[in-house]
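In the two complexes that follow, chain A is the common piece, with chain B as its partner first and chain C second.
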Partner chain A sequence: MTLPTLFLLAPILMLAVSCLLLLMVGAFTNNTRLTGTLTMLAFLLAACPLLTHPGSGMLFAAGGGHLVSLSPFTAMACLLTLALAALTTPLLFPSRITNNESRITSKPESFILLALSVLGMLTLIVASDMLTLYMGLELMSFPLYIMAALARDDAKSSEAGLKYFVLGGFASGLTLYGISLLYAATGTTSFAPLATALAAPAPILTVGLVLTLLGALFKLSMVPFHMWTPDVYEGAPTPITAIMAALPKIAAFALLIRLTMGPFLALAHTWQPALAMLAAISMLAGATMAIVQTNLKRLLAYSTIANVGFIATGVVAANPAGQGGALFYLAVYALTTLGLFAALLATGATQTAHLKGLATRSPLLAALMLILLFSLAGVPPFAGFMAKFGVFLAAIQGGYTNLAIVGVLASVIAAFYSLWLIKLMYFEQPASATALEIPAPLQIVLAVTAALSLILGLLPTLLSTLTLAAATALY
Partner chain B sequence: MFFTLTLTHVLTLSAVLLAMGLAGIVLNRRNIITILMCLELILLSVNINLVGASHFRVDLTGQIFSFFILTVAAAELAIGLAIVTLFFRNKGTVEIDAAGLMKD
Partner chain C sequence: MENLATLTILLPGLGALAAALTYLIPFQRALPFTKPSLPHHIAMLFTTGSVLAAAAGAWTIFLSLQPTTYNLQPFSLEWFTWLALPTWQVSFGALIDKLSATMLIVVTTVSACVHVYSVGYMHDDPSRRRFFIYLSAFTLAMLLLVTATNLVQMFLGWEGVGVCSYLLIGFWHHKATANAAAIKAFIVNRVADAAMLVGLFLLLHTFNSLTYADIFGQLAQAITNNESRITNHDLNLIALLIFVGAMGKSAQFGLHTWLPDAMEGPTPVSALIHAATMVTAGVFLLCRLSPLYEATPAVLHLVGWVGAITAIFAATVGLTQRDIKRVIAYSTCSQLGYMFFAIGVSAYPAAMFHLTTHAFFKGLLFLGAGSVIHGMHHEQDIFKMGALRKALPITYGLMWVGSLALAGIPPFAGFFSKDLILESAYMAPNGAGVPLYLLGTAAAFLTAVYGFRIIFMAFNGKFQDDSKHGHHTFEHAHESPLTMLIPMSVLGFGALASGYLLSAMGHLAWWQGAITINEHHTALEAAENIPWYAAYAPLLLGVAGIALAWHFFAVHRNKAKQAAETFTLAYAISLNKWYVDEFYNFLWVRPTAAIARLLSSVGDKLLIDGTVNGTAAAAWAAGQRLRTTQTGLVYHYGFTMLAALVLGLGYILWRSL
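Now for the complex of A and B:
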């Protein structure tokens, strides 16, 4: 291996070095604002090589394949992860006007844990061997377990951390067992040789496939592996919930697409119908359960489950339009979710009733939330509509018309709770008429996410041409 | 020698260990520490699979993989015990039934 090939890994190596430096800065200065600013810079800096020299190739030959492979697809997924990670950092910033929850998470260690988790996500995205996949998956998850339990005096937070840890450990254990079965049956853990070895069907391979995919489905919180989502979302501090809801989904979906297009391509007849079924159940169950929630974070948790079903529709389609559409949807979903959690932080609302009459207390915040909720509901001309349109169209092209029909039905149900929240904000009387002041860091997040939700709705080709090109490179 | 060890025996042993681990997590209704032990049991069953397959296939990947799992499992348990300690401080117990603050 020569030095120039190592440059392909520049984003990951830069972020790894940044993590160590951030640890030093955080430990010696104990300055939250400085650590936070540097973390944001580290994310943006790591994204630079991806913008200028995206490059593709394989690195670290091992076991008949390679440990790491880079392609335009991985570059796109890494870029989305880093850009959105940079956008989540302001949620952890301290501000003059702040509530209890922000004070808990405004510590240097939050930023370091976030950076480590993002490092795991990048590793997961570029993995081309089960070993790299496992290391990436765990490096992504461990900081998230810790972050969920970050509010140390709060019983709900430690309960959320415990549930996330136990179920996450359980899921990654089963994934590992699946990997070990695949290894026992084929003698390799590398994606490329696995793809050839899996062409001959055997029961042990099917069991291995199902168990291996289980880890990704758990991280995605797809039904029936979604039970942890509402509890963990509710218990974890709100800024952390925003991170958990947005970032790992991109990495896990990128992994799912890499696995289904790589080693498991020959077994498409096994996973495609199963994934289609899970996607349909996820969107219907998520959308229906979201309606009956009174806790805003639980509502958003079920909304996540529904959205994951919509995104999986694009993966099931197994065509460039579907996978490109899934990437586009992921970007839109992550933006919307981040914006909505930032709005929850700004209002300090935990129950849906707390949003009553928000328009009179803060017209600007209500207007921004309106854009985000319309995007979540899939109302044209906002980004959410174009995202849903893209994956449903791809599903029809891929021969899954029924799934697209279920998807349209589910999005009608899903539109209900978004519109209901809008009704609460605009047509109800507030309990107190005190004006709300939005902390400066949250203003940035809200403005950027709302603006992008509108821009990507009006000019979807800005991003969709890039995601489509990235997905086409998989073939 | 009237008994030869084959890959099937190794896979069976690890499947039994996995079943014990899963049963311990799913059926266990008392103690969170037991759940942590069962998580370790699952990882050990994976290691047996990997090392066994590595031996019978004359390929080192499995053994290397198992070293990574051992290391990561140690880190995982450190995080797990820290979270259980937090849980105990907040609730005064490590019973599973105590983890029921959030419900639909």
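Now for the complex of A and C:
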């Protein structure tokens, strides 16, 4: 192992070292603001080598393959994760105007847990062996379990943490079972040899495949592995929910794409229709259940489920346009979700009714939310439209026209709740006319997400050429 | 030069954006020592400044394109690709050639004048900041329209100017009439746009591209190779549908009804949008698509007739209207008719030439009318004016310049361009344009009459409103401030000299390939060989019209009244605008309303609402039903996962067996 090869791992190594340093800083100074700023810096620093030297290669030979592999695709996914992670940190910052929720999460340990979780995500993205994959999955999940239960005095938060942990543990147990079945059949856990071994189909391999993918599907909250989502989203403190809704989805989708394009490519005839089915059900069920919610966080949870279905459409297409479109959609989805959760934090609203007349209380916040909601609903010229357009087009090219049709129908249903929230904000009378003051960190998040939702809608090629190139590198 | 072009086009947008940002700054709270008018002044500074800078940029580009100066070659630039599909893509950019450069100077010059003028005209309006933002946004949309390299960007600008026009007509939204006029303008334009959209889709279907260069290239190839892929039938339909869209925007007969009503907006808006720029977008579009229209002579013939009918129709209506702005609005309608019939005889350069000169003199006339209205405390009825020449001497002089240009008296601008149109029509091959020439010449006579009717009624004679309120108004009538008079003078110079200075525009060679004319359509080339009697007839009739106006409206006003009483029917038809509004009311609006009511009660409430609400209710019910699966119990969730897994796996395995 020469140094330049190890340099490929620089982002992950840097973040790992940063985690330790942050732990020290957090423990000794107990200064939230300092830890937060350093965490953000750590994310941005870790992204630097990806921007300057995004190399590709294999590392750590083991079992006929490698533990880790890097490619333009992983670089893109890591970059998106790190950039969005940096954007989530302001949500955890303390500010002059705080409500109870942010007081709970504004602690040094929140940032350290976030950094650890992101470390897990990066590991998951670059994994090239089932064991690396499993380690990344758990490293990503455990801090999230803890974070969900961060409001220890709150029964709902504890319940959310416990629920997430039990069901997550259940899912990773099944994943591990799948991995061991694959190992039993092929004698390897590494992606490259698995890909060759899986070319000859056998029932045990099919079972192994399905069980392995289940871990990713659970993290993605695809129907029918979605049931934890609304409960956990509702129970967890809002800033944590924002993180859970945005970041792990990128890592999990990157994993799904790498698995389906790597070891499981030969079994495409098995997973492609199955995933298409799950995508269709997720879109329809997510969109339908979202429209009856009165709790905003639950509403967004179902919106996540619907969006995951849309993104999966791109994965099902199994062509560069689809995977690139999925990456693009992920970025847009994560931005929109972060922005909307930031808006919820800013308003302190938990129920849909709390948004009534927001436009009169804070025209700016309402306008930013309007952009984000339009983007979520997929109204041109906002980014959400381009994202949906991209994956549906890819699905049609990939021969899944039916799925694209279901997708369009589901987005019509999904548009309902976005427009309904807009109606509440703009056409209803507020319960109280007091003007809202938005904390500065949230202003940053809101402004950045809304601006990007517009810019990526007007100039989608800024990102879509990069994601397309990243996806093309998979082939 | 590329950067300058980009800057010129985007500057008004940046100005509007900067002005809009003043809404975010709490001036009174942050800077309590400032006056409440500060944000308005900042907004005016940004918008007016940016449009003035854009005008400077536009003139630089325009002059650089002249072979005698910098000899810049026409170029196109691409800003970014918005949509990239495997089969076609949509890019945003700018095409700078003689055609767009001409539109650039027209739009930015008139817009700059109107911005400066509005500083004075709107000085006491409490929401003038909004007004300036709309004006600049309109300018941006118009520039995007004229410099587009493809029809998608063109259509975006087309709709953009429509929206801004709607906002500006309804600017005084506390007035019910203004709101109604704004809605009417929008709906009539939507009807036309619907046709145009179909035309654009057909175009895309036929050529698989909406970029001008692609379309014209394929068209030229198809014509030389006599390809059957692009049939005449398709082309005729496309050209016709796009022309219907242009008719709506340019207020041609049949779709003109919104334009007079649009005068509800503030007068600077009428000058900018409803005289000089937006309404000429249709003329511009047809000139831009000249290769297409040259390939469809049948549609071109129709364009000519629609133009000629509009010219004469609007001129007759203009004779009897009482509202000073409505007279000028009908005049605009009539002049746009001239441009279309020039296009109808393939004299695109003449149409563009008249578009340019018309922008100056009609802009001037509107601003002059605004000056009168401003001086008369918002009185618009010319029957309640008179003898204003002493109170408003500069306005009076400038109105003379504008009206002489409108009437086509040399050496004023209108003479050069209008005569070129009429001469081309007369000399069109096979005498096809002679009827158009006759209609146009008759309209030229009427133009002189109604143009000077305004001047003599408002400025000469004695004051006509004998009521106490009227006397009060007259005594307080005052000349406008310099901020209004200077832009009027600039346009006055244009109305005076642009015809002579820009007369090269009347030749095809000047356009450097931006306009294509079929070699068999020789009307424009032949215009020089017109017999003397046909050449001088419009001028003589114009002078006669002025003399008639003097006789009836300055010297013997009672004679005009007698004439109206003698020719009751003619007078009534003209006063009621040929009953087009009533006819539409009878033919479209009321049946539509009746059908709408029927559909609303039966179709909509029962069927559509039933279906939609039913679907929504079904989705809702499904949501409610599905919701009950969300029990909150971990073992239920775990069981669901496991059950789904087992079922799914079982199915997959069973299928693979």
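In this text, the second predicted complex is superposed on the first by the 475 of 475 C-alpha atoms of A that agree within 3 Å, B and C clash if a C-alpha of one lies under 4 Å from a C-alpha of the other, contacts with A are read in each partner's own complex, and residues count from 1 in each chain.
We take it that contacts are C-beta pairs under 8 Å (C-beta built on N, C-alpha and C of every residue); 3 or more make two chains touch, one makes a residue touch a chain.
In this text, all values refer to a predicted model and were calculated from it rather than measured experimentally.
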item	value
Clash or fit, chain B versus chain C on superposed chain A	fit
Partner chain in contact with A:Y183 - chain B first, chain C second, else both or neither	first
Chain B versus chain C as contact partner of A:K163, first or second or both or neither	both
First, second, both or neither for A:A149, with chain B first and chain C second	first
Angle, in degrees and to the nearest 10, that opens at chain A between the C-alpha centres of chain B and chain C	160
Partner chain in contact with A:Y134 - chain B first, chain C second, else both or neither	first
Which of chain B and chain C A:F60 touches, first, second, both or neither	neither
Partner chain in contact with A:P230 - chain B first, chain C second, else both or neither	both
Which superposed partner A:Y426 touches (first chain B, second chain C, both, neither)	neither
Contacts of A:L174 with chain B and chain C, given as first, second, both or neither	both
Shortest CA-CA distance between chain B and chain C [superposed frame, angstrom]	5
Interface residues of chain A shared between complexes with chain B and chain C	162-163, 166, 170, 174, 230-231, 289
Complex interface listing, chain C residues touching chain A	24, 80-86, 616, 619-620, 622-624, 626-627, 629-630, 632, 634, 636-638, 640-641, 644-645, 648-649, 652-653, 656
Contact footprint of chain B on chain A as seen in their complex	62-63, 130-131, 134-135, 138, 142, 145-146, 149, 152-156, 158-163, 165-166, 169-170, 173-174, 176-177, 179-181, 183-184, 187-189, 230-231, 234-235, 289, 293, 298
Chain A contact footprint on chain B (complex, rising order)	7, 11, 14, 18, 21, 25, 32, 35, 39, 42-43, 45-46, 49-50, 52-53, 57, 59, 61-62, 64-65, 68-69, 72, 75-76, 79-80, 82-84, 86-87, 89-91, 99, 101-102, 104
In the complex, chain A residues that touch chain C	162-163, 166-167, 170-171, 174, 201, 203, 206-207, 210-211, 214, 218, 224-225, 227-228, 230-231, 270, 274, 285, 288-292, 364, 393, 397, 413, 416, 458-461
